[in-house]
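What follows is a pair of complexes built around chain A, which joins chain B in one and chain C in the other.
Let's look at the complex of A and B:
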């Protein structure tokens, strides 16, 4: 093992915590859709990617901070999510898992190729953000953009948690997740719950994308990275609700940071997936497994 | 006019026919029992009333209105509610959240607090356990919760599918007591499916006997109790 400067390690871990919060936010939409609808949305990461490009376009044409574009992209993605649900997902609700997989993988291909067609595999970054400065806390330096992205993610996770536990819609969503048929018997309009869940899950990717664009660039393969990360997080902690997603996201963020510090930047994915396999080896149902 | 009426209903699951020409009436303020052997189609009858099967022909009229083509949630909005076979409480929700989930319709939502108080009055145990995860309740408690949850939608007609299934004799008596009280004190109309034929006929006003998807016998509960055929088939006395 290569010796690491301790302060650098601490700094990277702090950064890892903020990245973990953002990963949790990205995974949250996937966890909601999977938990409530039992649908595996393979296109999830590619919604983040489309969201990132859209953030770039809006920020550079309207000349506003990328974070502000979320006020446009979130409602827009909600509507897109509902439309995708109505147009595609609702038709395969009762179908074989294989058909459901084919449908969302098809959606992934459409989104990815759309991005490739329009942006030709070129990464695009927003050249400005008010959060582009570093913050020094003693010997530790963190980018303000990551701090802000982490905090906004945490607030979003908290709000979704409150939605699920304290509101009529949240209880309807959790009842539907628990027993779809009985939820219907209770007078819950399950298809409406599904539409809202899908819309919400997709609109959360737009928020994540806007935050990511304050320190990173949009490129057509962003979908692969965030898609896989979300899957790892949901598999690890999905059944534990928002708290499970948060815990798994933080673990991934910190492990990634340690991997980068101790070995090299190229080792980040190796570390993430090794951790994932180890956790599933000892806890096949994930950290918060039930049933 | 009957509060709920099935007219020549043929229903099943996809291609699989279960009910043949079933006609039945439920009068307001009564307990109507449906009895019959396993697989006769009792559950299917209740599910058909709630709109959760394939209906090939026939009509279902509730409160003078045909509900045959309505989705399930609209039927609940109109005042029908069902306690499913095997209780099926929302296991990952608390007792309180289960009750809230039962009151999600417009009809019930505004009166949530009142209904909750009414339900806690009938089932004080649920109030004690309101913050417990429903998956950890005992069988009897879970059945109480399943009934309470259905009451939360403020139904006019309550459909009960084998509420005493798998419960200890003492609890079975309690459940039948509650069902009787719901009619006598809460002015609910009840359609009751039960294996305990004798108990059911004792509290019911009217009863139907269902065999292989057909109504083979019907009449006032008191009279059916004395029916030789029924006595033999169900060895009830």
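Let's look at the complex of A and C:
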């Protein structure tokens, strides 16, 4: 019934692995925010979308490679993240989940429609990147942009892992995630940890957006895809630390690739969300030990 | 035992309220001088208000943030629409079939979901994903082509008209029915159970309430109402396609319900009507220069309500009620 060219499947799975690395990077920010602050952020994907547009703007006005814009967008997004935290998120800390969801859905609508107003629903792609060439490994072709995106994501994941496990800040973050009150008693400035966590989580989306723009395009509807996708990854293994996020991201990337090659490119979300249903139903603690 | 205070199972006051509300609404087309475009907008507003009132059952009463209103609505719509377009089946039969299919999906999704204790953010995400899944499945089966329903000058049998007034009045009746069901639930055992579940699910379970069963009942009633509304909707627009499964409609429905105040059907209807009117107005005025500006306003309203007034419009209604003596119960 369904016949799949084996090489095509392998090719798609290789692409899926690289996509999975980027998905992990996006989801890591969300996992940090959800894990440490217990804040339900529905607007996460839309920060990716805004980051993608910003990357486009910077790359085309400064005439630099999209990957380099991350040096500007990441600090900027950190500041935006802290500002959003101070302005909105701090007020709904510890509120009912429904209220948190409502507020972040509001944020999502603001971001998405701001992009729609400014860019008028036109997809924008960066016309140039130095990584625009393919690399042939035997019969398999790897786009250099995806390879670079994958490697940078992996490095970023590693750095965040080191931050969480080896630095004072990381230990403070994890302590706050475990028990806010005890952390406060131990002299950790929880408010500050929250602000930094949110800023860090948002600035990771800027890096992901810069990487995505080397081979994809920005459009206002990107937000829902990346938002739901990162929640799927967090559901699978989010609070199992960076390793859990990485493994889940890779699984999602490969599932998506198989869905694309076996059924159709339009079915990619179908497979991801069906996996989401199955994970929530049968492994509600995730594959890698969610609390 | 007769309960003299009640008519059709709801308090006398609420019953008369619905009647008066429906009568006021039925004068609207005349006030709009039967202008086709304005009556269409009014129809749209009543449709959204009914959908938000139906959402209130699962979102407001049961406290489950369901983002799949558009999934059930679209199931009713595509079943009714395709049966009419391909088999010439009257919507009067198509809508019940659509309801059955929507109910089937609601049970197939809701039963395991409640059984495995999915709630809060995970329930919201699951329902948002459900809309996308159904949209993709429909896309895989029917492709991206849209089907147009046959047109009739004036046919009650096929529910196709060249004006919007019949739909307007149908939806006013529908809104009245949805309101009646809302009040009926609120003043029944189911309503008290749902209220307990919303306030504290663990405590409700500890008191012996079969939490899963009553959440599922709420979901089924809501899916039924949403799919009937969808069946009427498809006769208005006359187009069937995978775009009927619109994740944004599901989210905006929930947004309106939250802005209205959870558990208050009056607030839900009010916020549905106000926000939709505002949206249509903004779309008509500044929407052409700044696409998306109407939804931007939504977002800001939602943040403001969430941060400053989590009780929503319902608290405003309560405030007015306290000031007007004859509205006190």
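To be clear about the criterion, the second predicted complex is superposed on the first by the 288 of 291 C-alpha atoms of A that agree within 3 Å, B and C clash if a C-alpha of one lies under 4 Å from a C-alpha of the other, contacts with A are read in each partner's own complex, and residues count from 1 in each chain.
FYI, a residue touches a chain if its C-beta (ideal position, glycine included) is under 8 Å from a C-beta of that chain, and two chains touch if they have at least 3 such contacts.
Keep in mind the model is a prediction, meaning the values are calculated, not measured.
Chain B and chain C, once both complexes are superposed via chain A, fit side by side.
If you count the residues of chain A touched by chain B and by chain C, you find the higher number for C. Look at A:103: by the touch rule set out above, it reaches chain C but stays clear of chain B. In the superposition on chain A, A:116 makes contact with chain C only, not with chain B.
Within the superposed three-chain model, A:183 lies in touch with chain B and out of touch with chain C [touch as defined at top].
In the superposed model, A:171 makes contact with chain B only, not with chain C. In the superposed pair of complexes, A:274 makes contact with chain C only, with no contact to chain B. Of the two partner chains placed around the shared chain by superposition, chain C is the only one that A:88 touches, whereas chain B remains out of contact.
The gap separating chain B from chain C at its narrowest, counted between C-alpha atoms of the superposed chains, is 20 angstrom. Applying the stated touch rule to the two superposed structures, the chain B and chain C interfaces on chain A have no residue in common.
Residues of chain B that touch chain A in their complex: 50, 52, 71-73, 76-77, 81-82, 84, 88, 90-93, 97-98, 100-102, 104-105, 107-109, 149-150, 153.
Of all residues in chain A, only 168, 171-172, 174-175, 177-179, 181-190, 290 touch chain B in the complex they form.
By the touch criterion stated above, chain A contacts chain C in their complex at residues 40, 88, 91-92, 95-103, 105-117, 120-121, 220, 224, 228, 231-232, 235, 263-264, 266-267, 269-270, 273-274, 276-277, 280-282, 284.
Residues 63, 65, 109, 112-113, 116-118, 120-122, 124-126, 128-130, 132-133, 136-137, 139-140, 247, 251, 254-255, 258, 262, 290-293, 295-296, 298-303, 305-307, 310 of chain C are the ones touching chain A in the complex.
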